[in-house]
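After this come two complexes, each holding subunit A, first together with subunit B and then together with subunit C.
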Partner chain A sequence: MKRIDRLSQWMGKTESFKKLSTLPLNFVLNFVLIVPFAIMIFLSFTRWEPLSGYDWWHASIAGVPRFMEAFGDARLLWALIRTTIFVAAVVPVEFLLGLGIALLFLGDFRGKKAFTSVVMYPMMMPWVVVGLGFYLMFQYYGPVNLLLLKPVFGEGGMIDWFTNTVLAFFAVMIADIWQWTPLMFLIIYAGLAAVPSRLIEAAQVLGASSARIVRTVRLPLIKPLLVVALIIRGLEAFKVFDIVYIMTRGGPGVNSTEVVSLYVYNLSIVYHNTSYACAVSLLIMVAIALVTRLAIRPLEAKRE
Partner chain B sequence: MVSLSFKGPAEWYAPNLIPIQPIIDNYISLFVPTNPIGGSYFFTSITEPITRPLINSLIAAGLGTIFAVLVGFLAAYGVSRYRAGGTFVIFFTLLTRMLPGATFVAPLMVFYASIGFIDTYVGLILLYTAVTLTYAIWLMKGFIDEIPPEWEEAALLEGATPWAVLRKITIPLTKGGLVASALFIFILNWSEFLFALVISVTQVTTLPVQISKYVSAVGRMYGTMASLGLVATIPSLVLGYLIQKHLVTGFTFGRVR
Partner chain C sequence: MSKPEEKISRRTYLQVAGGTIVGLAVGGALGYLGKPTEVTTLTTTSTLTETVTVTGTPPPTTPALPGAEVSDRAVAGAKQLVASGAVPAGATIKLLHVAGSKNNFEPFFADWEAKTGTKVEVVTLGGEPDVLTKAMAEATAKTGAIDIITIFSTWKGDVIEAGLAKDLTDYYNKYNPEYGPKYPDTTVIEPLADYTTMYKGRRYAVDLDADVFTLTYRKDLLENPDYAGQFKSKFGYDLKVPDTWEEVKDVSKFFTELNLKAPDGEKVYGGYFYADPGWAAFTTWLCIFVSKGGILFSPTDMKAMINTQEGIEATQVMADLVPYMHPDALSMDWASLYKRYSEGKAVLTMAWPSLIKWAQDPSTSAVVGKSGSALAPGSKVTVGGKEILLKAANNPVNWIGIVSNYSKYPELGYLFWQWVTSPVVGAESVSRVGIMDIFRECWFMPPYRETFEKAYTPQFLEVFADCIAHSFPDLMIKGSSEYLDKLTKNVNAACVKAKTPKAAMDDTAKDWEPITDRLGRDAQLEAWRSMIPLYPPDVQDVWKAKGYMS
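This part shows the complex of A and B:
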């Protein structure tokens, strides 16, 4: 850090370069993010819709800000609850699975290297393709029913996944878990592998069992890393859209799997309720900005 | 999915993993959709071949990547060496990553509609650049941080301009990292779905959007869907294999390496 300070002090004459270096960034951010953001704030105070018949900049301010409506919106509330359930179900499972596999991988065995490279593939796949894959798997005549449930429970055990409101959501969760457990595994494994071996050896010499070493030496040492992994994954899981859109599109029944992202999408694209969509978006953004601000704190602490 | 993509319609509902009569008709029908496989019972409402979405995906993801890398590299360099923009840039780029993309859809559509960017390559590419800039900056900042600043300092003392230092020292030294970042960003752009879905009408449909059309189309073309999914996945897997080591770094913002 000190070196860099000295460098930048010394480079007083390169001030223009400093400004220039982030100029393109500012241009792109302003154009694609800030301008829409301003539009969003403006529109969330109006009652404008694309079908209103006049351009949006002629829209007049509505008496009551649109986001007051959001507080009485049951559908939004349910979407929020559903998304929270999704995050609360998916992230711990991914975390525990990843942790479990990472612990198994502490030992050496044949094919370990090949496995660590195969395990990365789900993360690289386009989200839509993951959704598609699991959509096909959970069809009535798909492999899950025919290869898993039918041999075990017989013909009657076959489930029509996508017509049951709970099971459809469950299928979406499985798809997400399948895709993102590898990330958890790789983060945790990298952390565990970086624990200095002399600490482990010391504990072994003192006669600690391997389960105890994991609990009292390895895990506490990588705790900051685990927190980071959980936060990043939690915030990412909240954004879930692609797999839900592909697999259920919010159905079956009345929006039984509609998550927040999908609801906002529906408001703006399907119902053309643009100004209300803006208001809801704004609320969600503010909420997430606050959460991010709080969540960054452990990240920053780890950085220093 | 691999197995399904080589199966004929008669076997789509059968539990066997290895097709009895492997066929490649599914792949052919992607390019010639008017020639339905398995007779008239299995038809689809999709009439356009995937050539167009395939090329669109390549253009949008490719150009989006190039711009993101160019802009991102400059910014990453500025942030890493000169602390340009202060913490605001850092927080702002992080925030854009954490916000759900869907919350940007409504105002973006309004904005794009008023400047005529809907269903254009310019609109899509600009958007991809902005969305992946975050990753570009964080990944490349990590690579730049690894180079000792003394080397650049020395060159500056010799009287080189910052641009020359960038060109002669920093870029050659971070070349590997730049390529890895570019490939990572390409994979992200290639997978991007939401923005492509809302921006595209007919002209700039990308592969993920095409896949979603098959899912909601009339006629359950399971075999065709599976083969389309595989076609869309292969580039990601090939590129991803090349940058395995940097993948976790990319997804976790360089917090974990």
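This part shows the complex of A and C:
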């Protein structure tokens, strides 16, 4: 009885309750995130791979050469450049399209709810399904050629998308833009809709045009939201893997559309070069963290 | 009145979180050390890899179990395991395989359960590369969640060296699946049986398949007298099944330029040979390269020999074929070839034997009864001042069955493999439409022949034995998936004109050297040398004549 009393007394303390209630989270974090992450850090300092013939916990520390290797890895550099181009191309397009659609949806029109659902569908689809769909659409005898290009330009105007290094990457970008524009739309629309109507009305009374209201009232008010949307989407686009893997596998030819995630996949899964893959992953993670930090600086400065 | 909010300080949080981590780590370690069976398996991993190199293993003393047939012995063995308590009644073995082999295995699970009282469950993956991913994950994690796996023979070196594939030599001796010249009527056809299942002198796998590439052609078009006349006037020789890759080019060009229409109205192309970034090297390129007398590595120092004249010529042949191939050949996955050929959109192609099963199936094919089969085309090479026609057919990614070292019931897993690949059960399993193909001698003879003639056509059966005799294995050394990935991307680059054939081969050679160095040049050389005798004797003779080996 005394024990139960002591337990209920201990539970009664807020601090104890907090400790107890965070225990499941700690458990999950430790096993799902921290322990594998610690293993990854350990492996990045070794020269272990599954083909080594011994278990990873027997691997001896090789020091920092694995990280140094990454700095001289031309394939990694090209993968980073390609990924940066990908992010720089798709995120602004998704942003502008999302903004445009959000502005269209600000007004009332018939069937608005139904159209909103339709606009959201691409985002709800699994990446794999989107990748596969666009992979089939851009085949030589796929709908893009047969329904769009052939009727206009004839058979000679049909394009072999996946045998051209530039066009293949372009096809991947289109797939990404199609899928993720709705996310931009959703965030921007939510922000724009939340702008107090009295400010809009005041601007209208002062004779501001709709375009000017958007430029000088609506957008500045939701600027922090826009920055967050760009950061989230930028980070996600940097991690692109599924659609590239399904649509091009990094080809055509030698890694012409290989992005960073696909390179790390190839290193660890196809080449079994686990420890180097870990080192590259860590470097990329640090780089992304630095870039993100720089990106959110203006927001923090404003808050201060 | 509410109590003032108590905040957890950073120190307290770190204490709690740190304590949890340490507690979990200690608990995990104790739990891990406290599992006797798993510890045994885990701690022997590195020793297992070493065992591979031991060639003087004493022969097993356990006598073979009674049973008239391979499948009977497998069933008797499984029953005995249950009766002895080594395996509990109702035990389940988990099979990891790809969707393409569903039809070859799953219909037989109920029968196995009825006969042995044990069950088989499947983990089905969609894509072939995923199997290697899961297999290597299991090799690292050693969970024992998977008992038996279907893998490409290409990955054999990787899964064995990673400690995943169990050495099955003792099971072979105990249960006798009838491999080798002692069983001429039932054996898995040689040299297939040896090169798909053996590694450094030991058996690590069960053969599930015979994937030797065969040339498949539209018999009705090649035998058409109108086309024959036009072809002769254009190329100066008779239209026939091509014997060389140069002839393949001519025939492909001829039919592409005829602008024939397939039943669905789309264009018919002269050829469809794998040239995509996933398969180009394993399949078409390797066949051309070896037929030209090329050797992948030097048997002296393991130097990459891919950028020799043979390598550049083989790549050039593929690049030259591109304008006359169906566009899917450069970018789509393997199944597209099956689809396009069966739709009547290609005249010549080279693929696995299962293509004929597809082309003969009215539910999937518009060209039923119109296909012919032949040995893969070759190349004219000069040996000792004399020109010879060298033909060699590769056996890319032949499916084999392995048993996991971390399985709870490895012997039961092996017995299932023996049962489902036995002459009697295997005849039913392999003759179904699926990705597994005919691999036992007896299936070419009555009473099985009729079944297989229906599945493949009588002409295919005549040709296929010859194809196997001329066959050579995949690259099956450690790191083969990496070597072949780099090669296949470069071949594809040459096909899409992103690189010249010479640059593609030079770059491949440059990529291969660091792989060999990383994995150990001496060990790789030893593994490569053990593969050389698996190539057909006439290929080895050409290598000797060219001075590539002594």
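Quick notes on this one:
One rule holds for everything that comes next: the second predicted complex is superposed on the first by the 276 of 304 C-alpha atoms of A that agree within 3 Å, B and C clash if a C-alpha of one lies under 4 Å from a C-alpha of the other, contacts with A are read in each partner's own complex, and residues count from 1 in each chain.
One rule holds for everything that comes next: a contact is a pair of C-beta atoms (placed from the backbone, for glycine too) under 8 Å apart; a residue touches a chain by one contact, two chains touch by 3 or more.
These numbers come from a predicted model, not from an experiment.
On the superposed subunit A, the positions of subunit B and subunit C overlap enough to count as a clash. Of the two partner chains placed around the shared chain by superposition, subunit C is the only one that A:Tyr271 touches, whereas subunit B remains out of contact. Of the two partner chains placed around the shared chain by superposition, subunit C is the only one that A:Asn164 touches, whereas subunit B remains out of contact.
In the superposition on chain A, A:Met124 makes contact with subunit B only, not with subunit C. Once the two complexes are laid over each other on the shared chain, residue contacts for A:Trp56 go to subunit B and to subunit C alike. Of the two partner chains placed by the overlay, neither subunit B nor subunit C lies in contact with A:Leu99. In the superposition on chain A, contact of A:Phe37 is made with subunit B only, not with subunit C. In the superposed model, B is the one of subunit B and subunit C that contacts more residues of subunit A. Contacts of A:Ile222 after superposition: neither subunit B nor subunit C is touched.
Contact with subunit C, but none with subunit B, is seen for A:Ser256 once the two complexes are overlaid on the shared chain.
In the superposition on chain A, no contact is made by A:Val244 with either subunit B or subunit C.
Taking chain A as the common frame, subunit C overlaps subunit B at a single listed stretch, which among 56-64, 92-100, 182-190 or 452-460 is 92-100.
Within subunit A, the residues touching subunit B in one complex and subunit C in the other are 14, 18-19, 22, 31, 35, 50, 55-56, 139, 141, 249, 269, 274.
Residues of subunit B that touch subunit A in their complex: 1, 4, 12-15, 17, 67, 70-72, 74-75, 77-85, 89, 91-92, 94-96, 98-111, 113-114, 126-127, 129-130, 133, 137, 148-150, 152-153, 156, 162-163, 187, 190-191, 193-194, 197-198, 207-208, 211-212, 215-216, 222, 225-226, 228-229, 232-233, 236-237, 239-241, 244, 247-248, 251-253, 255-257. Those residues of subunit A that touch subunit B in the shared complex are 3-4, 7-8, 10-11, 14, 17-22, 24-25, 28-29, 31-33, 35-37, 39-40, 43, 50, 55-56, 117, 120-121, 123-129, 132-133, 135-136, 139, 141, 143, 146-147, 150, 183, 186-187, 190-191, 225, 228-229, 232, 235, 238-239, 241-242, 245-246, 249, 260-262, 264-265, 267-269, 274, 277-278, 280-282, 284-285, 288-289, 291-292, 296, 299, 302-303. The touching residues of subunit A, when paired with subunit C in their complex, are 13-15, 18-19, 22-23, 26-27, 30-31, 34-35, 50-51, 53-56, 58, 139-141, 160, 162-165, 248-256, 266, 269-274.
In the complex of the two chains, the subunit C residues touching subunit A come out as 3, 5-6, 8, 12, 16-17, 20-21, 24-25, 42, 45-46, 49-50, 129, 132-133, 136, 139-140, 158, 161-163, 266, 276-278, 327-328, 330-332, 478-479, 481-482, 485-486, 489-490, 492-493, 495-496, 498-499, 507, 515, 518-519.
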